[in-house]
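Take a look at these structures.
You will see two complexes here that share chain A, one where it goes with chain B and one where it goes with chain C.
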Partner chain A sequence: MTARSKIVVIAVAALALFSLRVVPLSAQAPVPAPSQPAKPPITVTVASAPDVSGAIPRLPDGHPNFQGLWHNDVGVEALRKAGLGDIHSPGTPLPFPYYPETDKIREYRDLHDPYHDPEAHCHVPGVPRIIEQPSSIMPFRIIQDEQYVTILFEYVHDLRIIPEDGSSHPKNYWAWDGDSRGHWEGDTFVVDVANFNGRSWLDMDGNFVDENEHVVERFTMTGPNSISYSATVEDPTVFTRPWTMHLNLKRNPLTDQIVYYDCHEGERDVDHYTRSEGNAASKHE
Partner chain B sequence: MNKIAFTARIAAAALAAATGIGAAGYNAAAQSPAANAKAAPFSPPRLPDGTPDFRGIWQARSLAYIDLEGLRPTGAAQQSTRSAVVDPRDGKIPYLPDALKQRDANFKNRVTADPAANCYQAGVPRAVLLPTPFQIVQSVGNFAIVYTDNHAYRIVDPQSLPHDDGIDFFMGDSRGHWEGDTLVVDVIDLGDQTWLDQAGNFHSDQLHVVERYTMLNAKTISYEARLEDPKTYTKPWTIRLQLYRDTHPGARITEDECLEGADGRWHHVSPFDPKALLRHDYAAELAAEAKVQAGAPKP
Partner chain C sequence: MRQVSGGLLAIVAILIAAPAAPAHHSFGAEFDFNKPVTLHGTCVKWEMINPHSYLTVDVKNDDGTLTEWSVQAGAPSFLYRNGWRKDSVKPGDELIITGYGAKDGSHNAFAQRVQLPDGRRVLGGAIIGATPPPPPPDSSAPAAPKSNP
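Let's look at the complex of A and B:
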């Protein structure tokens, strides 16, 4: 076994261990009945209290300096505290406001079709799933200038180059990660993400979005080592109303660095799926 | 017509159309080190700390990605191009005898044996030479190269940070330093699972690449890569070509993902292709699900 394949095995094993039940975080609001519109927004969070110690670093252009290596705080510890161990038992209500039809799709995928989770095939996760990744073991690095905030993710070498000029989305472009356009609202970097290709799942439990997904992310530095992150997801053909996810991003120690993650190149996750989970069936599609 | 020849012809035509000159002449111009050396020294734009500013989208508009040693004329209409190899001067990669046999075997099986056929990351220097563009992302103290192809990226950390030795990566482990206005990147840990081009030119896990990026003018970078691999080559050898800036306003790197086809092979899907868009028909999906569940044995 080469060193490279070893790291892939380790990474895949670690991923299976940690991301199996990472999202969708905890439910703080009851699931609304689809017939009752105009409820207050749904917010799911496992974020610890943000770190507000110290002044935030800034670039010469005056904007907060997000550069460095970061991970989210959705670690195993946070999940345990939030009591998420049982939330995905069959029949347990989920915090996402599905329509009855789309919830059936979600349930089917969760119970019968995990093989088709795009991450099992090393596809880039989409937004906000990429930020929810267990980045405590696979962090991401931000490089920032006056034009772009670039996020380089260790996980499946995904990346986002986000312009800061508030430019508009292109037409006739459909991508796993969509198209990200950012602008500054004071010290908050607001990213509008659209142009999704309709293939992404939100987690390993079958939660999903389709081609009408629209995300607004907000990155706010609360201290030199802490970013408050939220993502408001709307998808009128999947969810009855928008929902918002909060988490905090923490700075990695200066000694940490990205360890390149080659997924597709050593991919063996799909082999772990059984025939009933679609592995054999998929060969004939 | 073999696949490479066909690709080459298409690419050559596109290149000629884009530049208004023939591919062969283009390559010849790109590979003249004397011209580079005699050019008036160019002072590149700079970041606040004085380092040259390479930010932008760049592209190698050469056919070296097909065959580093130059295209071989295999038919009456097939044009040849010059080798990208500038050292040794004969333009041939100095393979050890067994490695040369392996390269020739690779060439014969290239359509299926090329790692790129599986949508793997290209490795170095192959990623730089690809016809798809890449973006250099840079700020004071940070330098990264982001490739369109398979969303591969490399972070070029300063040489003062030691290499991550002992683990191989498809894109290797890169460390950089400045020699004047030239960025010199030292790359190791490249493994033995990438090729150098579509023609089966290859390396072992002992490959050590030293790249040199020098801005010749605001729109052109001179790119040089020296490859050393005692398990594969008799001596180090060097390629040189030019990289050109994409000057279209609003130009962006687009997403490149592969999908598994019905034949089990992977193929790139353009995000501009409507086939990449999956429109969900939930009624149909539910009907399919009901069908599966009706036929499924009860637990």
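Let's look at the complex of A and C:
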């Protein structure tokens, strides 16, 4: 992506109404031990204020009832400031704590190789990207009982079946979305995600993780139509220390349903990427 | 060719709706915000397919010849939530499409807004991060989905 096109996008993004803060994590939820304890973790908030009106619905077992159709309220401006999305401006500091070597990889991918974003080739996005980027316009349905929280995503038929028993991750297994194991901490559903295949990008700007990615997600219902979501990401071979992304999930209208989405059916996009975007087969520079 | 481009148009288009970032690929890698286009054309084919729908339109050039444009619109799920149906457009319909041209110089474009023959202007592409807007206020617009499609 050229710098000029991104500048135009940034100008557009100024019309968005979402807020963002990048603040030290002194008052936030516990996170995994940082690899460099002298530096505090980083928090990226890509959300407006949560809706706290009304009572939280509950299942017969007493846990909050997350069931329903949800999307996130991430906005273009928030994504831009967070350094996520398709909208990062070169020269703008990123909040993500890359090592110098891994930041060079990110920068190269951002400026010269968006063609190889796995999502452009219809792979599932991984975690937490599946909650963040496509789910802003394509909702997901949560189905829940006393044993499992299941998330059905409209986007590329992605699916996460999360046991609630806090069981261990399997050995010698990896996947694009990793392996998710959940447990309850009061009213918060905490999901530990590991066993990633290490091929996922975090967005369309080249932010990435490898097979050492480990994510702790926290789902906290703040009202009948609002869930506060956070994902703490650590990857000791990519980032110098963990970072946490916060966003809010909002309930879709009750009349809305998941609508069929398929990435392969009529895909014609990546062929139009130019050589400067990483498409070596393109006739256009 | 009845094609208009320029900064003023870009500003107007921006005020209508924030530029889109399609769901599965980079907008900036395929299209160019510096190439705003307005296409007055005749629909040749309407494909409401995933991951993006396509309008094929014939645009008349100044010399009377025709250029066929392939215009990308949003995924059927996005379009459905915004009132589009597979019979919303048919071959022969005169359309006015505002959007952005492809970086590779081909006659491809991304549709931000589409003006239908009855005058309704409807969103063409997905807007990342935004709650799906309500269907167009025009009473002739298809009703919002009430059940599983």
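In this text, the second predicted complex is superposed on the first by the 228 of 285 C-alpha atoms of A that agree within 3 Å, B and C clash if a C-alpha of one lies under 4 Å from a C-alpha of the other, contacts with A are read in each partner's own complex, and residues count from 1 in each chain.
Following the convention adopted for this analysis, a contact is a pair of C-beta atoms (placed from the backbone, for glycine too) under 8 Å apart; a residue touches a chain by one contact, two chains touch by 3 or more.
Values in this document were obtained by computation on a predicted structure and should not be read as measured data.
Shared-chain residue A:Asp262: touches chain B and chain C both. In the superposed model, A:Tyr173 lies in contact with chain B only, and not with chain C. Of the two partner chains, chain C is the only one that A:Lys250 touches; chain B does not reach it.
Within the superposed three-chain model, A:Asp117 lies in touch with chain C and out of touch with chain B [touch as defined at top]. Applying the stated contact rule after C-alpha superposition, one finds that A:Tyr155 touches chain C and leaves chain B untouched. In the superposition on chain A, A:Asp61 makes contact with neither chain B nor chain C. Contacts of A:Ile143 after superposition: chain B is touched, whereas chain C is not reached. Contacts of A:Gly198 after superposition: chain B is touched, whereas chain C is not reached.
Residues 2, 4, 6, 257, 259-260, 262, 264-265, 283 of chain A contact both chain B in one complex and chain C in the other.
Residues 48, 55, 115, 118-121, 135, 137-139, 142, 144, 146, 150-153, 155, 157, 161, 164, 166-171, 173, 191-193, 205, 250, 252-255, 257-258, 260, 262, 264, 266, 271-272, 274, 276-280, 282-283, 285-286, 289, 292-293 of chain B are the ones touching chain A in the complex.
Taken in their complex, chain A has these residues touching chain C: 1-2, 4-6, 8-9, 11-13, 15-16, 18, 71, 73-76, 78-79, 85-87, 114-115, 117, 119-120, 122, 133-134, 136-138, 154-156, 204, 250, 255-257, 259-270, 272-274, 277, 282-284. Those residues of chain A lying in contact with chain B across their complex are 2-4, 6-7, 60, 67, 101-102, 104-105, 108, 112, 121, 123-124, 141, 143-145, 147-148, 150, 152, 157-159, 161, 163, 167, 172-177, 195, 197-199, 210-211, 237, 257-260, 262, 264-265, 283, 285.
Chain C contributes residues 10, 14-15, 18-19, 21-30, 32-34, 47, 49-52, 54, 70, 72, 75-78, 80-81, 102-106, 108, 126-132, 144-149 to its touches with chain A in the complex.
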